[in-house]
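There's a structure below that I have some questions on.
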């Protein structure tokens, strides 16, 4: 494995509804070890060949799962996340969109002293190409290699993975940190994981307007960066005060502007692409110069 | 120092009312470094020669205090304790009686991941004789030496310290863990500190009816005990269902009986005194045989 | 502080927990009217602050208003474990299929609330805990987050609640936890929690004990406080700032500090006597407090000697001595006094007492032995 | 979701925060009656979901009911930043000695709420934050414990609140935090928080923005939702499950995934054009959704070309293609369409579109360039 997930990662699915079933199937096809799922009251049965448990604790006990993917609808998502954290699952990936901020603040407070890494919510998940995929990304756009990739966006991640793959740049691990204002593993933390990963040779950081996660990631790379990095910021043309889909993608006052983020990366010596299509070229150039 | 407190411990007083002032004076007389006190709104002044601060954080910043003693009345005590924990004070000693259990449960939950050791509430405090006293115990009953001493009671602690001192058995550190059902450092944790303290040669454990802290302490000593110990249980003649003053001192159903505690100590090879007056003799005997 | 079943049930109902239709009655006529209004078989239940009322005949089923009147007539005025029944609760009888136990209290070792659920209800849960530990499920919610849905579900699965009742029981558990938190409860219990033949779930009984230390912030609950006759002395002591528990021996005990007083009780027993009470005057006891304490202890007719054991810390021996002198000069006590002073200003105190009509001893053991001896001397005068 | 000042103030008042006496009015006559009832000088304040109403003339002081009537007549119907004023709030004028700022919002970096207090109130707090950072005190309470008394005190000391108001301001801060928590606020603000000449403290204005994602559990607040004319298209889109923001360019944009749509907007700008909107159809977009999205985008008269950029993950390219074909067959669009499909089933989708009257491109950059070019072609027919 590169970071977070690899061949030995054993995953359970929380929320095996229509979407959960569809993606569990895709993950299994990819080779991800999907070892169980939770559905209160259906414990002991199986769905699509996946053993079902009443609780996460029971699933962990009986399957040795060390990761979980959460599709539980927003109103019950906090409970699902806290259940996974309580069961001391190493990696929890939350796909769910629209979780109230107050709920995520509670989850974040619990995470402060928990052993779990939460990726998401409202992201596509994470993938270590060729080994394990825990998420909803179309696997065919990804390929194994040395580019670590962090993104706040979903489909933009697929787009960029596709461009990298076509350019012959495989990926070590891609982490979709999620588009909400409060996420479990924000961009700087994800960048740190890749920076410290021996299998990652270069890092691509895809940010968007809103918040200051990109500025903090740039600051971190400026002082601790061990490998070349390339950045892209989506939403450079977005006007202030308008929320661009993601609850986190908003420029309010002088907070969260694309300019500030681009400047931060440039000050850290990290080239910023004007369009996703420029990223592969910048990565190649950066690798040549490092 | 032996454990928790010693010559270099710097104490602030939270709640400098009548009782707080009286005991601050006694502590200073004993040689305890009382470096400040908090009284919101009176910051910058001084009382009885003690500099006053508006907040615990300010007091810590300016005095380098690493301990605090809390006399704040019960309704505001949770806030005072959380303020001290938030200021990352190493040792907090709570004298306050009558704190609601729900408040102490919150404090206990915060302590789970904090750096602070809380002794009390509803106890006499702690003393390392000859070095530092943070509490309300009459100092003249204590003397320096090698007997570590843990107690759930206040005046009974003075009584037994007096008996030990008269018998020529000085004390390393005496810890009054407090008589409430929920305390910061329960008996087993206090016993562990003394067991691992190189300056403590023998341990006296004074328990009382209610709860199972004594059983757990006995269990701990049975498996990890490095030095001789002697126990005493107050309330052997108390009938079930009657609360003996301390909110924690109650036998309910088959929980918390003196018999169970005595048996646990005996099974751990720890002699149990029938009266406080027997304790010094048992300690001497235990030290001879060790 | 204990609440009556009917009070506890009102609080549960406000939290959205289903309870049977019920009405309070203080006379047979009111009970009859209540049964008429409910228009179904009812249970007539004594409202007293003690357990075991069922075994004592304090609960009767009535199929008609007339039967309810008769039942109330039999129960009202009854003595249950020393408590007189003044009120009955008339409640629609449930159509019981099975009984569960649900309770929340403090787990001192874990320093967390513990939620206990069992499919063996209607009985002493401690008995079930020791005879069939597997029949009991426990959960320890964080006091900062409350009982989360997943924790309630885990309990329901672990206890083996039938599928049809799982959701309802998990929901009731979460609501009960809210009651526990919002009313600063030390114990809240639904035992039995009925499962009716139609599948619905309903609180059969309810117990709610409140943390006395939290009453200052619970004005509504504080109003419900009732003091029974045998608790009066204890309440009076509490009002004076010390704690008093009546026991059944003949040596009156006064001391400072709960542990020291307990040890004094033990010392009396070691000397072959029996304590008449526990009385802790607390820290910093002043003259007036000692005086009031003596009066309370002497008001117990069984007391044949009084042992005062003070180890001075905050409390000063001379002040205690003055209090003792004052009260025995004003009202010479009807029984002998033994005093043991130690600690702060003890010597000054002992000096003050030298010429007083009482026994002074240096150690707790000696003082206890003397008090026990004096209690056995036949009363003179 | 934003609340009006009068709604926010009602919520603050219920939480025990002092507010001036005030009444809502929708006509000059009602405003006159309100001023008469208040019987003191009043402020007549436009109730619109935007800031800066003061500068726009939306607040007037009136010394008599007649003046209040006149003020309301001037304000009602006014246009403030494109919003029509339908309601005014008539409020007793405060006797202001000084103004503070108090607000609570989310600190994304710390993942905690942040409470902000400043003795410089009544102005843009972001301006104060950059020009006089020391005039602002901040605290980050734990969402599990709420704003504790000691934290509120620390804020009051750090901000330099005058001794006479410290207790009141700390108390209001704690109550405001409760409002923040209980109403799932993303922002709650009292600016200015008045200190009156008699020393009392009072909310001068109030702002309360609610987390839309939490409205499902806030039925009372959800009822207060108002949709202004210019937000209608955005609301319609939200009801259909996708997000839409109107902008002022002429290239209509449809895409899936917020990041991809933002990147598409950027690509349009890179190609020298301007996007007319942001529209994210979200994940798993089906035929019907694409159809509805096209209709919404085309309803904007400024749109001169439409760029559809779909990268298939959950969304399948063939389904998107079918949706496009359906809608252009039923209602041939008045402007040219450029489609870029990639990812899952993209090839199948592109094949379906081959004979359709639209432009298909392989990359985002090419598609954006084509859409910009077509928007600049003068309209024919």
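So that you can tell them apart, the chains are marked A, B, C and D in the order they are listed, and the count of residues begins at 1 in each.
Following the convention adopted for this analysis, contacts are C-beta pairs under 8 Å (C-beta built on N, C-alpha and C of every residue); 3 or more make two chains touch, one makes a residue touch a chain.
Just so it is clear, the structure is predicted and the values come from calculations on it, not from any experiment.
Novice: Across the interfaces A-C and A-D, which one involves more C-beta pairs in contact?
Specialist: A-D
Novice: Which chain's C-alpha centroid is most distant from that of chain A?
Specialist: Result for the farthest chain: C.
Novice: Which integer distance in Å separates the CA centroid of chain C from that of chain D?
Specialist: It comes to 55 Å between the two C-alpha centres.
Novice: Rounded to a whole Å, what is the gap between the Cα centroids of chain A and chain B?
Specialist: Those two chain centres are 48 Å apart.
Novice: Please work out the Cα centroid separation of chain A and chain D, and write it as a whole number of Å.
Specialist: 27
Novice: Check each residue of chain D and list the ones that touch at least two other chains.
Specialist: 144-145
Novice: What are the residue numbers in chain B that touch two or more other chains?
Specialist: Residues 106, 110.
Novice: What residues on chain B touch chain D, complex-wise?
Specialist: Its residues touching chain D are 40-41, 43, 54-58, 76, 79-80, 82-83, 86, 106, 110.
Novice: Using the touch definition from the top, list the residues of chain D that touch chain A in their complex.
Specialist: Checking each residue of chain D against chain A gives 106, 108-109, 111-113, 126, 130, 142-144, 181, 184, 186, 211, 213-214, 216-217, 243, 245, 247, 255-263, 265-270, 274-275, 278, 280, 282-284, 311-315, 342-344, 363-365.
Novice: For the complex, which residues does chain C have touching chain D?
Specialist: Going through chain C, the ones touching chain D are 144-145.
Novice: Would you pull the chain A residues touching chain D in the complex into a rising list?
Specialist: Touching chain D from chain A are residues 19, 22, 74-75, 97-102, 104-106, 108-110, 124, 136-138, 141, 151-159, 162, 179, 181-182, 206, 208-209, 211-213, 216, 232, 234-239, 242-249, 253-255, 274-277.
Novice: Which residues of chain C touch chain A in their complex?
Specialist: 145, 148-151, 153-154, 157, 163, 166
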